[in-house]
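Below are structures written as structure tokens.
One chain, chain A, links the two complexes that follow: it is found with chain B in the first and with chain C in the second.
Here is the complex of A and B:
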């Protein structure tokens, strides 16, 4: 609970109905997905709860956020901001912390269809924004976490690969201007939004040094460097007709597949072959989706339950699958893309099982267009999280895949993680194949202590493995322990990160449990 | 869908992903930012525990003794219309049953002495005393019945009027009865042997009283050799259709008036002679739509196919709204001459709630009317002049929403509109056409 005088000041800022320090509310906010194995990794009891926040606040605008942050500085209380709130990164790491739930900041400020960017507040979901951008023939990049999460969080504070990444890029590269409440309460506007005259959101840099790297860098600061209250990011042409018609009852919808979409599911047979095919397809810039998944993962994206996964035998037996979805707005564009794909198929001696051995439900196409495929990762055990997360060349990503199979198999053999034969990865490309990302979705059972502890060990060993084998930095290099582990091996970046933290947050008020402390 | 047993409840409350899917209509159905949300409670109160997933977390924290039953907990748990939209959204890919968990959580609060809310307890006492939640004299239950309605004491069809239509929305009862007379359907009513169906008691977790009410109703109906029971109240219909069989089987068939009238229209027993040249939209009541899906028995096996991964053979039924009554009301409206039917964005299994259910109308009237205003705004955005529905509780609350919002929309029950199209209410039809002009 908060001291009475602090509570009253918060109430004055956001209104009494928008601050709660009661036992029920604060305990509920201490729960999150994956907290159980994060706790286990930290040597704590493997429960799905973090530290209990002192209070939860619901600010409605940047001024309120600024005032809250100033009060936090005054009374030496930490804050943790969250938007849609999925995952342990949203959780406080100490019991001297308030949560800023940014749910009331939910406006789409602008969709600039001519200059292809949108400006949104934290609680606009990807699906909401996409519904609006579709009206002007555009789409938004959404992370693998799904269309229900905040694109602002992905763009400013998280990593951000998505299934449509060949077409819509990566959150780190899409972000433009931001409005940012620094940990000391100062408001900073990045890029063209900070111009004295005719300010707008079209660019995130200059003049002067770019602060985008400091703002988010590789994978974001998870609120450890302040609160982002508005963001601009790039929009992309919707890949086909925006006609979107469903019939039936959830979840068994029938979707009228738009003209000019074609799916390819190809078995590349070997990782070496996959590397070449991947690069060729991306070099040709024809794909809307181009992902390598394990055969299990492949079955999952076409299934809406574990039971229906078993119907996918024709495809789950593939050795090295590649999923390619092409989409076009015109017949001519579609013919061109198909022609290129046909040439690649012939040159690389590939066979498309779609149409011959397997046809997915039409809903697959709807989910692909709405970036809903990542959520299929939950259908087997209910719990999953990815180790790895590197962005690198396809060669390195596939090297990681191959080298990590025995490690994953070790935990599968122990029965603590789900059996994907050790091959469970997701690899997708960016920017015409100039770089790729790999993560290793791993199924565990969050209700089984043995599985949770095993998952934690698996994550720890993966981190060590990546470090020793020079496979790059995974997603979850976060918190002092991880930065201190990876930093000395990576140009001592952790020293610089601490300097940044100290400069921007001299009082250590932004909770750094998933970032870095100034020490 | 299966009814959760305690073991399943305990397992399910550990499995929320906190993904917030429950706050939205199915992601692929989102058509605009404005009408993307699914849950009135989280829309109005914003803190996560008001959502379906948030209430699952509350259930877990309570079971783990991290919190104790309290008025703070009670107020959050009871600020929920139990509309079940969260349950539809969750099961697009997941397997949790947030609505079932919320209902069980309420039962636990009742057992702990913290539920229901005081105003809900008051109407439960009214039901015990007067057989209706409105504290009205039982003997006035058939005051709605005009002299010229033909009742057949020997009919195999029973019209179960329900408390709200009997005492508060009499126009619905009259319309239903007149339409059956017009179609030449002999029907009976229970008159002073009709008692509250128990829905408002069940929804707030008072299971013991609900069982008593249920038995009282079934005893009476089963003593009369009734073959079919017709309901114009979606709440009564849902309670008889879905909830009663969990406690006691019965043999008779249950139909909502929209199903029955749609069949009569198809069979040519009702002739629509009057034009209603107005733009009309339809609100799916939660009790008639997604929640009108019967529980199913599952006698299958859970088979572990590999460590941590089990499958159910056959798959366990899950509540998806597939058993809802969606097409009959739309079919009726589309048959009315001159009427232009327009849909809101959130319809059928993912329709937004009117705000009245789950005991909210009595315990939290402001929440009820604020939700109704959101739904009325959605109806206005279709360009409709009239909003119709098929539930007296939706009727009361949506009309309150219209008044509170100062909306120009008119509300009618679908049977009232049907009656006008049948030529049974020429003056009323003339009046609404005049107002529209």
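Here is the complex of A and C:
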């Protein structure tokens, strides 16, 4: 609970109805998905609850956020901001913290069809924005987490791989103008957004050095460097017709597949062959989706239940699958892309099982267009999380995959994680094959203490493995412990990151549980 | 210690690091660095040093912190330096000339990436890459003697917007020595592991983001050498097309051309594309003043160039699809004033988009020019044209380059003049300042604030920007030894 005088000041800012420090609300906000294994990794009881926030505040605009942050500085209370709030990164790391739930900041500020960008507030979801951008033939890059999450959070604070990354890149690289409340309460506006006269959102870099480099890296700062209240990011041409015809009842919808889309599911048989095929397809700049999944993962993306997963024998038997979705705006483009794919199939002696051995439900195509394939990771055990998260060449991604199989199998053998034969990864290309990332979705049972602890151990061992084998920094290098582990092996970057934290958050007010403390 | 003793000590200390033959105090040489092609006035450096290894750069920067002198990094020996960013502003300054660091460290065709040192120039790199069927993402007809790395660090616009996925492209990973003298590697090059350990597992340093939760390469870029000195970088490449088809349309209606071009960019239909006014297109493709004037007089005012390209067995299929789709777009649009032009040989245009020039193409018309450039959205472009033309109606070259996937435009106004004519030069200087200020007041976003612009630019930006940038400076160059006085970093 808050001190009375602090509560009153918060109430004055957001209105009494938008601040709550009562037990019911604060306890509810301490729950989040995957919190149990984060607790386990920190040596705590594997419960799905974080520290209980002192209060929950619902600001409605940037001025209110600024005033709250100033009060936090005045009374030495930390804050943790959340948008759509998926995952442990939204949770406070101490008892001296308030949550800023940004759900009232839910407006699409602008869709600029001519300059190809959108400006949104934190609680706009990918699906909400996509529905609007489709009206003008455009699409938004959505992270693998799905269309239900906040594109602002992905662009400013989280990570940003998506199924459509060959076509739409990475969230961090799509950022234009930004409105950012710093941990000391000052409002920073990046790029052209900071102009005093004729301000607009079309670029986020300069004048001079780009402060986007302080805002985030490959991973975001998870509210550890302030609160992002608006962001502009690029929009991309919708890859095919925007007519979206859906019928039926959840989850078994029927979708009328738009003109000019074709799916290829190919068994490359070996990782070496996959590398060559991956690079060739991406060099040709034809894919909308180009992802490698394990055969098990492949079965999962075409399934909505365990029962339906089990009938995917023709594809689950594949050794090294590659999923390619091509999409086109015109018939000419479509025919050209098909010709390229046909040539690649012949040159590399490949066979497309789609249309011959297997036909997915039409809903798959809708989910692909909405970047909604990640949810299938939950089917088998009800819970999953990804270890790894490296990003560089396809070669390092595949090497990581191969080298990590025995490690994963060890935990499968113990019965603490789901059996994907150790091969369960997702690798996607970005920007037509200029770089690739790998993550290893790992299924576990969130309700089983043994499984949660096993998952935590598996995660820890993966981190050590990646570090020792020089495979790159995984996603979840965040928090002091991880930075202190990886920093000395990575040019002592943690020292620089701490200096940034100290300079921009001198009072340590932005919760650094998933970032870094100034120490 | 008096000034002479102190200079002597500095000379000897530097000589210990990189050898006395790699240092000069020759006044004539020093004078070359006290001015450039811009109007910016600064000081002469105390000496010039040519390090050839990263460790020498580290030691010199540490020495600067210890002995309190300033370092101005320069990456090429080109006489065509511009914009005042390499002119010392303080008395006690040295030039760190990086031209001896000129290795092309690796060319990786499979991953479409090259690793180069700062002294590598366009005239060296373009042919080397072409031999391997690779191409750099080029600015418009770069000068051959210019450092490729400097061009990238200064965010010079590249001419293929669909390959401009982020403002920072084509810059990927870097090795940088911060103003503290600390060596660092950005992006995936940070590790874990040494570069050779990383290469062993297949990394090629193609991911610029990070390490982890910050991206220092973004703050180094655009810093005019004031935060760190980059000792190598990896750059994104593309495969060389086997066929390139050039299209040239001209019109007196800029909106119509911009509209059409926007569709080409939005649907990623073309590779290179840019818009030039008649004078600038003539300067680009012709060499003598007479040729330039003849061509400029034949062309309509605005000229759109775009290039379609293909590779391999399906090249014709690709070109047919692209041309067919573009024709449909043209048919669907109301392009009343657009005319296809055959006034320029297509190979002359390809030379400018694929190659380098021995001298800057902007010096061809009247030997001298001053360029005013900034970023804009589409809507304000016509207004900016009106403003500049009102104040400088003649001898004005104009260039619009869509960047960053078509989300904004690099707008450039080249004011041509004869610098040997004192009155013309003086008038031009006044106009240059007046037009620059007028554009800034109208909201033009000068994202690369050089020389005298810097103070005016930051005054028109919210104060928090300068405050935040100074915090960054205090982290990476706390003693202000690197290029002091540039941007919002006071002397």
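The definition used in the following text is that the second predicted complex is superposed on the first by the 519 of 519 C-alpha atoms of A that agree within 3 Å, B and C clash if a C-alpha of one lies under 4 Å from a C-alpha of the other, contacts with A are read in each partner's own complex, and residues count from 1 in each chain.
To be clear about the criterion, a contact is a pair of C-beta atoms (placed from the backbone, for glycine too) under 8 Å apart; a residue touches a chain by one contact, two chains touch by 3 or more.
Given the structure is predicted, the values throughout are model-derived calculations rather than measurements.
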{"item": "Clash or fit (per the criteria above) of chain B with chain C on chain A", "value": "fit"}
{"item": "Chain B versus chain C as contact partner of A:245, first or second or both or neither", "value": "neither"}
{"item": "First (chain B), second (chain C), both or neither touched by A:396", "value": "second"}
{"item": "Spatial angle chain C-chain A-chain B, Cα centroids [nearest 10 degrees]", "value": "140"}
{"item": "Chain B versus chain C as contact partner of A:101, first or second or both or neither", "value": "first"}
{"item": "Touching partner for A:44 - first (chain B), second (chain C), both, neither", "value": "neither"}
{"item": "Chain B versus chain C as contact partner of A:24, first or second or both or neither", "value": "first"}
{"item": "Where chain B and chain C come nearest after superposition, their Cα distance in Å", "value": "23"}
{"item": "Residues of chain A at both interfaces, chain B in one complex, chain C in the other", "value": "none"}
{"item": "Touch list for chain C against partner chain A, complex", "value": "110-112, 155, 165-168, 183-185, 188, 190-193, 197-198, 200-207, 209-224, 227, 236, 239, 262, 266-268, 313-314, 317-318, 320-321, 324-325, 328, 375-380, 404-408, 441-443, 445-449, 454, 457-458, 460-462, 464-465, 467-469, 471-472, 474-476, 487-488"}
{"item": "Touching residues on chain A, where the partner in the complex is chain B", "value": "18, 20, 22-25, 27-29, 31-33, 47-49, 56, 58, 84-87, 101, 103-104, 108, 124-125, 127-132, 146-149, 246, 249-253, 255, 304-308, 310, 363, 366-367, 370, 372, 375-376, 378-383, 412, 415-419, 443-448, 451"}
{"item": "Footprint of chain A on chain B - complex, ascending", "value": "11, 14-21, 23-24, 26-33, 36, 46-49, 54, 57-58, 60-61, 64, 66-68, 70, 72-73, 76, 88-89, 91-95, 306-313, 315, 320-322, 324, 348-350"}
{"item": "In the complex with chain C, residue positions of chain A that touch it", "value": "112, 114-117, 169-170, 172-174, 176, 182, 186-189, 191-192, 194-200, 202-214, 216-221, 224, 234, 236-237, 279, 283, 329-330, 332-333, 335-336, 339-340, 343, 391-393, 395-396, 398-400, 431, 433-435, 466-467, 469-473, 477-478, 483, 486, 489-491, 493, 496-497, 499-500, 503-504, 515-516"}
